[in-house]
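Before anything else, here is the set of structures, which you'll find just below.
The same subunit A turns up in both complexes below, where it pairs with subunit B and then with subunit C.
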Partner chain A sequence: MEKLDARGLSCPEPVIMIRKAMLSGGTGYEMTVDNTASKENVTRYAQHEGYTVTVAEKDGEYTLTMTK
Partner chain B sequence: METEGRLTRLASCAGCGAKVGAGTLVRLLEGFQTRGDPRLIVGYDRSDDACVYQINEHTALVQTTDFFPPIVDDPYLFGQIAAANALSDVYAMGGEPRLALNILCLTDQMDQKTVQEILRGGYAKAYEAGAVIAGGHTIQGAEPIYGLAVTGFVHPDRVLTNAAARPGDALILTKPLGVGILTTAAKADLVEQPVLERLYAQMAALNKTARDIMVRYPVHSCTDVTGFALLGHSYEMAQGSGCSIHLEAAKIPYHPEAYELAEMGFIPAGAYRNREYAGAEVKVGPAVTRALEDICYDPQTSGGLLMALPEGAAEDCLARLRETIPQAAVVGRVTERQAAAIYLD
Partner chain C sequence: MNVKKERSAIVVSGLLIGVIAVGLVVLGNPANMGFCIACFLRDISGAVGLHQAAAVQYIRPEIPGLVLGSLAMALVKKEFSPRGGSAPISRFVLGFFVMIGCLMFLGCPFRMILRLAGGDGNALFGFAGFAVGILAGVFFLNKGYSLKRTYKQPAAEGGVLPAIMAVLLALLVFVPGLLHFTEAGGGPGALRAAVWVSLAAGLVVGALAQRTRLCMVGGIRDLVLFREPKLILGFAAIFLAALVANLCLGKFAPGFAEQPVAHTDGLWNALGMFLAGYGCVLLGGCPLRQLVLSGEGNADSAAAVLGLLVGAAFSHNFGLASSAAGPTDAGRVAVVIGIAVVSVIACANTFGKKQ
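What follows is the complex of A and B.
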């Protein structure tokens, strides 16, 4: 599971980050974001690429686990 | 000194996406005391595009200001888009812009040529609009900003507010949606150049032609679709008019490339703020996809006019608009107030 930290980044940077990572063809990623727009957008991107996404929230931060 | 890197990289958010959310604005201004004036026809208490102040029985002043960080890298184009966007608020009130002032914020990274190109773009659009830029104010700041404060004129009896739509009206939108999504995806280099060229031309296009045609028809109400998106601005029109608005998803014009990019999550944060603002009053039908919904919440920079006019006049008006603005479309209709302010089916 590759871990990515996108805290402090605003759209579209977190999506660009996960896109770059997924282009390498991995099967599992965990990304932390700190705003709802990024949470939604990264979820959308991962689902579009065929990943299953689960989201855990803690103290205003979201950890997205993306697998396929 | 040369401007370092891309102009959009100097900005944290782009165009009308930088606009503070409508919900936040309402909260910030809650309880704020203002003074009225009987000559102020449209003022602070209304969520309208511009204020209108009556000078005499024939003339009212229309005043507005709009400015934002760079949405494109070409400074001349940025100047044109920012000016077209600012001038649009006068057109949305049914008025004609006549006088404008520059609003400019510079950063250390911007060279003289860049600044002159931005201003040149603004002047070009003001000239095209028949307005003159007579001065302005420039400050130094953390990110570039450009826009205008615009003064225009309108006959006091022909002011078009966003709060006067009537049941039985059809709604015409004059520019396709998807600007915010496409400019967000452009930051990831995911938008082809011809698509960007089309988008840039649209954003730089004045709403003058649409306004000039509109005023020849019995239009009741008008607004321009900008930062609060089609749904946010429709919501304000519905609330202000005490009506409900029914939008037909299949008729809403948008840039087709924006659809898949929305599915891929290239959605500006402003779209989520718009959803938060209006979402509770928007009833979305089961046939409407999430991506299309996102397009309807997408903040537009220098978007088109949204006008409400009797259904009987709409067809002819649309035909006239389409002679020069082929993307114009009837996107919905106005009804008596129902449970929700907006229905998107």
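What follows is the complex of A and C.
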């Protein structure tokens, strides 16, 4: 599971980050974001790419686990 | 929220916002200017004496309304999140030149849609330039452009811009004598809906834009970057609703000449909006989105808003802003300088960031 830290970044940067990671291959990613817009946008993108997304929230940070 | 719900929410919000925008014109705002973030910040800049262009001075309550509406919605939804520290001065400069571009065209991306919906053909040139400007910004995003991360800030930092907006509103209502206002018949600044109507419209649109993440730049950007149509749906819904409302009210006047608060210089309409689109992509959102993010406690967006305000003051103090007669030579030079400066910021934060 590849880990990506997108805390502090605002959209579209987290989505660009996950897109680049997905393009390089791999089946699972864990990305941490810290705002709801990024959470929604990354979730939407990953689902569109065929990944199942689960979200865990802790102290205002969201960990998105994306698997195929 | 699932994708379908998200999309219907932004379409419904966009339709509502389009109708509100035309409603504001019916109730007193300048034609095709129910909302214009650039024009309204410019009017505010004049009202507090940062420039002396007598035709465009007024505290437009829509602007405080947008910020405070976003703040209220963010508090309700527990999304008020004070943060900052992501290149505030670069953002200030980007905001400054986005305003120079908008005042070359005579409108922000929001007003560009409203001008299109009113039949103003000159806005087609603006739209073409805007789209190409977004593509220029997307090029750098794809190459790794970033203004680096933000950090959590104390609540007070996130509250500063909303507080400034509340003070502006209080000045307008309680001590208007301190401010500069365009006299009746003296220009677009004198055309305004009642204070409470403008404020209510701003609050509603601010709240809707906060919920839906509405952004005029994000629409084309996300479509090109990710084939994601959500934000462009909001853009299209505003256009459609404003177009239908204008047609119903007999306010649709297709053509190029003598359009309200507009000029017919196609090249400079396009270059002005090229600069606006380019700068906004690098800022992460259009002027409306910067106001909404400021309401959510984002101090970096607040820096961009201050850049927009100061850019407006410079535009009128140094004769950079266009008028119905067309662009000025100084304005043309400023737009070219703006494109160069924005390009330097883009390159420095794309190719220079790895050291």
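Note that in this section the second predicted complex is superposed on the first by the 68 of 68 C-alpha atoms of A that agree within 3 Å, B and C clash if a C-alpha of one lies under 4 Å from a C-alpha of the other, contacts with A are read in each partner's own complex, and residues count from 1 in each chain.
The rule we apply is simple: a contact is a pair of C-beta atoms (placed from the backbone, for glycine too) under 8 Å apart; a residue touches a chain by one contact, two chains touch by 3 or more.
Keep in mind that this is a model prediction, so the values were computed, not measured.
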Is A:Val42 in contact with subunit B, with subunit C, with both, or with neither (first, second, both, neither)? first
If we overlay the two complexes on their shared chain A, which of subunit B and subunit C does A:Gly25 touch? Say first, second, both or neither. neither
Quick one: classify A:Leu9 as touching subunit B (first), subunit C (second), both or neither. second
In the overlay, work out which of subunit B or subunit C sits against more residues of subunit A. C
By the touch definition at the top of the document, which applies to A:Gly60: first (subunit B), second (subunit C), both, or neither? second
Just subunit B (first), just subunit C (second), both, or neither: which does A:Gly50 touch? neither
Dual-contact residues of subunit A, meaning touching subunit B and subunit C, are 10-12, 15-16, 19, 35-37, 40-41, 44-45, 48
Considering the complex alone, what residue numbers of subunit B touch subunit A? 12-13, 184-185, 187-188, 262-269, 271-272
If we count contacts the way the header does, which residues on subunit A are in touch with subunit C in the complex? 7-13, 15-16, 19, 34-37, 40-41, 44-45, 47-48, 60
Spell out the part of subunit A that touches subunit B in their complex, as residue ranges. 10-12, 15-16, 19, 35-37, 40-45, 48
Parts of subunit C lying in touch with subunit A, wherever the complex brings them together: 1, 3, 6, 79, 81, 83, 86, 141-142, 146, 148-151, 213, 218, 221-222, 225-226, 228, 230, 284
